[in-house]
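Dropping the structures in below, format is C-alpha cells.
Look at the two complexes coming up: chain A is in both, with chain B in one and chain C in the other.
Right after this comes the complex of A and B.
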C-alpha cells in the first residue's frame, strides 16, 4: 500500500512537472531560447492568485487573472527583452544570461513585495482528503493538479495540431528561415508562443502552491527537472517531455522503497545519465 | 585660603560625580536587515527596552547605558567585521550576539580579546563549548532534545522515527535524537531527511509511517505547517515531537497540528511589562524580545555588582562575576553552572489552536 500511495503522490507531482516541461519545451523548440525566466513566470502565477484569494476573491477568478497576467508577462519578456536582443544579433548565450537576470529580478521583486518566507493559501476545500482505493489518500488539490495538468497537456497537443496558430508555431519551430520568407512572421509567433507557454505554466504555478505553499525561489527546481525531462524525452517532443517528467517524479518517489531519501535525487538522475549515454537524442525523438 | 580649599573640594566632588555618571557602552551585533531581520528587530527591541527602563531609573550604579547596534545580516563574515569594529575602534567589552553561524564565527575572537559575548537567541550545540567568553542564556538544541525524549519515552512511546532537515542544524538535531532517545529508553527504527525549505513531506512521512512508530522526532526549522497538514492528510496518528522551533503561531492554530508536543523555554513577561512594551513599540512582546530583555537584565546585574565592588567593566571581569553570581532571577530563574544556562523548560501540547503547557521540566 505504501508503494501505491507513493505512486499516486508521484503522479500528482509528475503531472505538474510535466506541464512545466511541456511549456519549456514548446518555447525552446520554437524560439531556440533557453528561457530560464520561465521559472519566474511559474512562481509569479502562484503569488498573483494568493494576493487575490487572500483579499477575498473567488479562487476561480484568481486563477483566471493569474493565467492572464502570466500570459502578458511572457509576451512582454519576449517582445521587450529577447526580441530586442535578437535584433541586436545577441548570441543565445547572451540571451540565456539575460533570461537568468530576468529570473533573478522577478524572484527578488516577489521576495521584496511579499516575503521570502513560505506563504500558504487558506482554502480549506483544497486539503480535504478524497477517498482513494484502499488506504490511498489524495487531497482535492492533488486530484485537481492531475486533472488540470493532463487537460493542459491535451489542450496544448490539440492546439499545436489543429489550429492555424499551432501549425504556424510548428512551422516556425521546424524551419524559421522558410517561415520568414513565407510571411509567417516568426517574431510575432515567438510572442504568441511565449504568451501561451506562460499561460499554461501558470496552471501548475497556481495549483502546486495551493498544495505546498509559496516561496519566491521555488520555481527553479521544477524548471531543472523540466529541462532534464525535455532533453531525455527528446527535444521538441511535447509528449516526450510530459511522460519523462512523470517518470522522473515516479522514480524519485518509488526509489524511497529501497533507498534512503537523501540518495533519491542523486540515483534518479544517475539513471537518466546512463539512459542518455545510450539514447542521447531522447526517448521520443523520432515521434514528434 | 579657605575659599581655595572649598573650590578644590567642590572640583573633586564634581570630578567624582562626573566619573560616576559615565556612560557605559555595550554592543549588539544582530541581523537588522535581510532574511533574519524580523527576529533581529525583536532582539534589538528587547535590549533597547531593558536599557531604556534602566536608564529611566538612573542607569546602572549611576551610569547611563548606551547600546551600539551593528547589522550583520545574520552573516558570519559581516559579524567578524562588526566585532572588530566594536572591539578595536569602540573598545567595547560586552557584546550581544544572535544566530549560531555568526556567534560561532565571533567566538574565537572573543576568546582572544577577552570580550564577553552574550547569546540569547541561537541554539546550536557547538555554542556550548565555542568559547569561555560566549555565554548562552538559553539551552542548546541538545539540551531541549534530552528533555523531550525523556518525556516521550516516559509516556510509553519507545519506538521512534526521525524527520530531519539535511543541513547542519537538522543533522545536528538528528544526531542529538540518536544520542538522547536510546539513553531515555527508546529505539530509533527509521530516519528520513528533507531539504531546507522543502514543502513536500509526503514521501518522507509515508516512509517513516511504514516503520509503524509510536513517535516521530522532528528536527526541521522551516515549513513545519506544511508538514503538519500533510501528516493530517495522510491520516497519520503517531505522536509528533519537537523543540522550541515548534512555537510557530501558524502551526499552533492549525488543526492539523493537534496533539503535537514540544519543549518550550519558559519565559513569560508580566502583564504590566508586556503592556508597557506594546505601548512603546506598538507590537507584542514576542519570544525573542523577552529573551534579550532577560539577557540585558543579566548583563546589567553583573555590571552593577562589578561597580559596587569597585572593579572595572571588562569582558574578563564580567565573565567571572556572572559565574560568581551564578543564579539570576529575571523573567525566568536561570543558573550558570557552565556557559549555557540551566533554565526551566515546559512540555507543551498543541490543542484546540492553543499551545498548552502539560508538564514543567528543566534542562538540568
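Right after this comes the complex of A and C.
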C-alpha cells in the first residue's frame, strides 16, 4: 500500500515539476538562455500568495495576483537584464552568471523579508482527504496540483500551436535570424515568452507550498530536476520534458522504499548521468 | 592583531580558491557552481587522514589534491563532451549532492554538526600550532599557487587555453584537442581547490557543511567576477575585498537573523552589476 501512496505523491510532485520543466524548456528553446533565476520566480509566487492569504485575502485572489506579479518579474528580468546583456554581445557565460546573480538576489530578498526558516502554508480546505481508499491518502491540494499542472501543460501546448503569438514564439525559437528579417521582432517575443513562462511556473509555485511548505532556497532542487527532465526528454520537446519530469518524480518517490529521502538528489543526478552517457540527446529528440 | 592574522590566513586560502575558480570559469570558460563542493571534499579528506593519524600533513594534502583532480576530471569529461549547458546542470547537481553527502553521511563527515578537533598542520615533523606559523604556511601556499598559475598561463598550455576562449573553432581546426585542454584546466582547478580545503580544515580545526554549500560556491564565483577573470591580479584582489565585506557589514546594524541573507544578497547584486557594467572585473580581462 505504501508503494501506491508513494506513486500518488510522485504524480503530484511530478506534474508540478513537469510545469517547471516545460516553462524552463520554453525559455531555453526560444531565448537560448539557461535561465537559472527561474527557480527564484518559482519561489516568489508561493511567498506572494502566502503573504496575501495570511492577510485575509481569498486564496483565488492571492493566486491570481501571484501569477500576475511573477509574469511581470519575468518580463522585467528579460527586458532589463538579459536583453541589455545581449545588446552588448555578452557571452553566454556572462549572461549565465548574471542569471545566477538574479537568483541569489531574489532568494535572499525573500529570506531577508520572511526569514530563511520554513513557513507552513496551511489552508483548511486544501489538506482534506479526497480519496481515502484503504490506506492511500490523496488530499485536495494534490488533486488540484495534478489538475492545474495538466491544464497548464495543455494550455501551453495549445497556445504554442494555435495562436499567432505562439507561432511567433516557435518561429523565433527555430530561426532567430529569419525571424528578425521577417520583422517578428525576436526581442519583443523573448519578453512575452519570459512573461508567459514565469506566469505558468507560478501555478505550481503557489500550489506546491500549500502542500509542502515554503522555504526561500527551495527552488533550486526542483529547477535542477526540471532541467534534467528537459534534457532527458530531449531539448525542444515540451511533451518530453513533462513526461520525463513525472517519470523522475515517480522514480524518486519509489526509491524512498529502499533509500532514505535525503538522498533523493542522488537518484535524480544518477538518472542524469545515465542519460548523459548513453543518450545525451534525450528520449523524444528524434521524433521532433 | 589576531583578527588580522586570521583575515590574512583566510584570504590566502581563498586566493587559492579564487585561482581554482578562475582557471575553470575565467580561463576555460566553464560555468561552475560546484567549486565549494570540491573545496569541501579536500577539507574532509585531509581532516579524515589527520584525525585518524593515517598520514602527516603533506601526504594528506597530496591525497586530497589528487582526489579532487580525479573528481573534477570525472565530472567535467562527460558533460563537456556533450555541451556547455549540460555542465551547468552537472555543476548544480554535484554541489547539491555534495551538500547532501556532507550533511547526511554522519559516519564519515560528522553530519550537520561538523567535524571538531582537526589536528593542526605539521611540516617535516614539526607541528605548526602557532597562528603566526599558520599564516606563514598559508601565505607560502598562496605564493606557491600564484607562481604555479603564472607559470601555467605563460606556458604554451596557457596560450592554448587563452586561444580557446578567443575562438574555440579555430583552435580545433588548428589540430588542438579542445576538450582535453578544458578538462586539464578543470583538473588543475581541482588540485588548487583540494589543497585549499586541506589548509582551511587545519587552520580552523573545525569544518561543517555550511562552509561548502551552494552559497559558498556563489561567493567564490563573486570573488572571481569582482576581482577580474583570467588574471593573477584578479584572483588576488577578489578574495581580499570580499572577505572584508562581512566585517564592513558588522559595522552597520543588521539583525543577525538576516545577516547571512544580506551578505548573499550583496553577492548577487555584485554579480549582476559587474556583468552589466564591468564584466572584466576590477583587474581582469574580458569574460
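Throughout what follows, the second predicted complex is superposed on the first by the 267 of 288 C-alpha atoms of A that agree within 3 Å, B and C clash if a C-alpha of one lies under 4 Å from a C-alpha of the other, contacts with A are read in each partner's own complex, and residues count from 1 in each chain.
Everything below uses one rule, namely that a residue touches a chain if its C-beta (ideal position, glycine included) is under 8 Å from a C-beta of that chain, and two chains touch if they have at least 3 such contacts.
Since we're looking at a predicted model, the values are computed, not measured.
Colleague: Look at A:13 in the shared chain and tell me whether it touches chain B only, chain C only, both, or neither; answer first, second, both or neither.
Modeller: After superposition on chain A, A:13 lies in contact with chain B alone.
Colleague: With the two complexes superposed on chain A, say which partner A:276 touches: chain B (first), chain C (second), both, or neither.
Modeller: Only chain C is touched by A:276; chain B is not.
Colleague: If we overlay the two complexes on their shared chain A, which of chain B and chain C does A:262 touch? Say first, second, both or neither.
Modeller: Both partners, chain B and chain C.
Colleague: Check the residue A:127 against both partner chains and state whether it touches chain B (first), chain C (second), both, or neither.
Modeller: Touch status of A:127: first partner only.
Colleague: A:2 contacts which: chain B (first), chain C (second), both, neither?
Modeller: first
Colleague: Report for A:116: first if it touches chain B alone, second if chain C alone, otherwise both or neither.
Modeller: In the superposition, A:116 contacts both chain B and chain C.
Colleague: Just checking: does A:164 make contact with chain B only, chain C only, both, or neither of them? Give me first, second, both or neither.
Modeller: Neither partner.
Colleague: Using the superposition on chain A described above, determine whether A:215 touches chain B (first), chain C (second), both, or neither.
Modeller: first
Colleague: Between chain B and chain C, which one contacts more residues of chain A in the superposed model?
Modeller: Between chain B and chain C, C touches the greater number of residues in chain A.
Colleague: Share the list of chain A residues that count as touching for chain B in one structure and for chain C in the other.
Modeller: 116, 217, 260, 262
Colleague: Which part of chain C faces chain A closely enough to touch in the complex?
Modeller: 25, 29, 31, 33, 78-79, 82-86, 88-90, 92-94, 96-97, 100, 103-104, 214, 218, 221, 225, 257-258, 260-262, 264-265, 267-272, 275-276, 279, 287
Colleague: Residue numbers of chain B touching chain A in their complex, please.
Modeller: Residue list for chain B touching chain A: 35, 166, 191-194, 197, 199-200, 202-204, 206-207, 209-210, 222-223, 225-226, 229, 232-235, 250.
Colleague: Quick check: in the complex, which residue numbers of chain A touch chain B?
Modeller: 2, 5-6, 9, 13, 116, 118, 120, 127, 129, 135, 137, 139, 212-213, 215, 217-218, 252-253, 256-257, 260-262, 264
Colleague: Within the complex, which stretch of chain A touches chain C?
Modeller: Touching chain C: residues 34, 36, 81, 84-85, 90-98, 100-109, 111-112, 115-116, 216-217, 220-221, 224, 227-228, 231, 260, 262-263, 265-266, 268-269, 272-273, 276-277, 280 of chain A.
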